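You will see two complexes here that share chain A, one where it goes with chain B and one where it goes with chain C.
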Partner chain A sequence: MSKVFVVTSGKGGVGKTTATANLGAGLASIGKRVVLVDADIGLRNLDLLLGLENRIVFDLVDVLDKKCRGYKQALIRDKRFESLFLLPAAQSKNKDAVKAEQMKELMDELRKEFDYVLIDCPAGIEGGFRNAIIGADEAIIITNPEISAVRDADRVVGILESENKSKISLIVNRLRSELVKKGQMLSIDDIRGILSIDVLGVVPEDHKILFHSNKGEPVILDKFSPAGDAYRKIVKRLHDPGEPHEEIKQSKNGGLRSFLLKLMRSTMEKLEKGAS
Partner chain B sequence: MNDKSLDSVAFKGTRQGIIVSIREDFDFSGCIENLEVKIKESRAFFSGAAVSIDLGWRELNIEELESLLDVIYRNKLKLLGIVSTSLATRNLAERHNIKVIIGRLGLAGHAGRKKNSVQGAAAVPQPRVLPSDMAFIHRKIVRSGTSLHFDGSVIIMGDINSGGEVMARGDIYVMGAVRGVVHAGCEGNEKSCIFALDQQFTRLQIAQHAASEKDKKKIKKGVPHLSIVEEGKIISLPYNKRQ
Partner chain C sequence: MFDTIFEFFQRLMGKERENTRTTARERLRLVLIHDRSSVSPQLMESLRADLLEVITRYMEIDSGNMELMLERHDGSVALAASIPVINIRRTPVPSAEPAKRIKESEPVDKSDAPKPVEAKPEEEIKAERTTTPPAAATVRSRRRKAAQSASAIAKKRVKKSSGKRKKNRP
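Let's turn to the complex of A and B:
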């Protein structure tokens, strides 16, 4: 059974494109046939994250306008994975260049050929967003642990629900557990409390993401990156929804340090009591 | 405008918006005048609302449709679509890019074209008004960007998120947290109340009274609160069973 996912967020810059590239590479690495569709027409980026910008000949708008022979001519095969393909967005057109029905038709065609279709949705809730969601069965919402991103995600979930996309799951991106501990950042429970949708996974803040994006290599291929690790878990869960849910570990060296801190605090309190 | 034409328009609040039913057997210009009067009377109920217009079997001409659209847009309402059994009306609306639905709700009272007048009068369905001790139940989260209008009291089974909006002619009971806008008694009923398991609203209004920033600061997070109007001011009290 093939599945069409749309990766969306409402707010820009939360990591939709990065997530799409990584999930695509992850699914391809376990042997699935995957196509990534960049629906962010006019602001295409997905090709950069995969390091495929030099290979683009035809794009999504050419396919929809039937300027090339079917979508197959526009597909670009990934350098690393045989079964990963990219359908790039047009850079010189704008988002009005495509119609919703055309997108839906194309998704139905792609569905026949691939196990997974991942659509990288543009930011916002206007026409481009509507075109991106129309052909999808399920939605993956990306959000950051900050109130503006969560509110936008809430709006998007509302729209998706009214469009009868009932299966909606959440990836919380760029979580910094040390800030959550100090109460300076929204926790997973806070976000889940507001959005009340299933959490598919939590990706920690990782400086390596930037480095890998610039290199055109998905971070999921880096075995030593915590973010890559998180994406690998999400891929497992996408592939098999029964996969157990591991909550993100609060801190790697928290055990001994917090114990010592507690001990210090209690002795200080005792000393103060004794003094008074 | 005679007495009769006052009954020529009826409203019903639904989750999707307000249905406006216009009776078919009255003069249309009178109905339109009446509609505008009623919208102005219930400004709070209609403000920014989405409306569907039920025209029944009435055949509209272009001028009539335009006068109707004029009233809707002048009062800053959003038109969802037109409900009609008349093909001519539907075609006309479609040419104006309005969504049409085939049907007739007849909330305004007229029983239909084919029945004779005696039967018709007996079968007049009254506009649906809930008794004051009954309530609508909304079984969904109210997410950011949604605006709900209820023609009576309502129980919301879920949160009202920041950016979401609930207006009701009666009381509002929220089995969850309020983070958005709530307005009870929006027709001016000061006896309405607002109850929530967690009262963290951005705006809380009962009739014409709004809760101030000071009131909001007194409210404890995570504690159920009941807000009522007392001596022209909103007070929010922690809710316990003995009250």
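Let's turn to the complex of A and C:
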């Protein structure tokens, strides 16, 4: 049975587009037919993260305005996965070019053809956001362990509820477990407690995200990236909700480095004790 | 100058570990109480209706002049209700709805004072906000829960738990 997800956050820059690209690639890698819809009209970005920016001919607004023959003409096939497609956002048009009803119709058309439709939502809670959520069955909220991002997430949850979209899950992105341990960053439990929604996954802060976005490759393909690892787990869980959770124990950042860090920390603590 | 040096040493010794995580959590909790109530007036409306229903079983009140609001204090939010009482019944009128509702509102009937009752300790509020309901029911239950717990009491106080809050307030 196919599913339409909207990836949304309220606050900008928390990682929606990165999440959409990676979940799409992950689902395609296990053989699912996936289409990614870039609903961030005027701020097209998903194409860049997938390295498909040079192949765009038609876009979402062309499809909705019937400037091309159906959505199929606007779809771009991914370089790596046969079954992954992108429907790019319009870059030149303004976002009022889209009507909610048209979006809903298009999503219903897409769901006939694909196992998963993932909509990359623009930041904010205005028109663009409304258009992005209207055709979705479920929402994936992305947030950062930071008060403003969590507050905005709460607002978005409230709006989704009032639109009767009650299937909502959460991805906490850019977690730094060392800061949580030091009592300097909100933990997953803190955030889960405050928002009271299901946690789908936790993605650690990872410099490899930048490395891969520079190249236009989803980080989920990198076997050695902690963020990639987190996305792989989320994909499993999306595909099979029974998949066990091991989130709360955060990415162990490998051997020597963490050993040295621990050593340093304990030395400091000793020094500190000695001083007081 | 000395401040900077001092700070540097503090940092070196790891003493700068002020727990900003709890500060963040507390600030969020408080601000969301407000966000949710102001963003969703229906929630306050349904709370008012529920309260009215329960209270009129115990006393006759002037519902037209009933006031219900969230009051912001320094580092805390309180649900304050001002409900003019006209008369108190000798025995409560049995509820039309059976079981659950009545049980939930029991704390109220213990008090015979006509004034707003100070009730439920903060732990209770916290617990309600921290329990994660099962996946599917998540959303709607969040609102209903809020309304139910509030209907049981006239006044709730959320104590501040971090001294840092004061500074952050405008």
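Keep in mind that, in the parts below, the second predicted complex is superposed on the first by the 248 of 276 C-alpha atoms of A that agree within 3 Å, B and C clash if a C-alpha of one lies under 4 Å from a C-alpha of the other, contacts with A are read in each partner's own complex, and residues count from 1 in each chain.
Quick note on the criterion: contacts are C-beta pairs under 8 Å (C-beta built on N, C-alpha and C of every residue); 3 or more make two chains touch, one makes a residue touch a chain.
Every value quoted in this text rests on a predicted model; they were computed, and no experiment measured them.
*Asks:* Tell me which of chain B and chain C touches more residues of chain A.
*Replies:* Looking at chain A, the partner in contact with more of its residues is C.
*Asks:* Just to be sure I read the superposition right, which of the two partners does A:154 touch: chain B = first, chain C = second, or both, or neither?
*Replies:* both
*Asks:* If we overlay the two complexes on their shared chain A, which of chain B and chain C does A:54 touch? Say first, second, both or neither.
*Replies:* neither
*Asks:* Quick check on the superposed pair: does A:166 touch chain B, chain C, both, or neither? Answer first, second, both or neither.
*Replies:* second
*Asks:* Looking at the overlay, does A:198 come into contact with chain B only (first), chain C only (second), both, or neither?
*Replies:* The answer is second: A:198 touches chain C but not chain B.
*Asks:* Which residues would you name on chain A as touching chain B in one complex and chain C in the other?
*Replies:* 151, 154-155, 157-158, 161, 193-194, 196
*Asks:* Hey, which residues of chain A end up touching chain B in the complex?
*Replies:* Per the stated touch rule, the residues are 151-152, 154-155, 157-159, 161, 193-194, 196.
*Asks:* Quick check: in the complex, which residue numbers of chain C touch chain A?
*Replies:* 12-15, 17-22, 24-25, 27-29, 31-32, 35-36, 39-40, 129-133, 135-136, 138-140, 142-143
*Asks:* Can you tell me which positions in chain B touch chain A when the two form their complex?
*Replies:* Per the stated touch rule, the residues are 140-141, 143-146, 158-159, 161-163, 177, 179.
*Asks:* Over in the complex, which chain A residues touch chain C? Could you list them?
*Replies:* Residues in contact with chain C: 146-147, 150-151, 154-155, 157-158, 160-162, 166-169, 180, 182-187, 190, 192-194, 196-198, 241, 265, 268-269, 271-272, 275.
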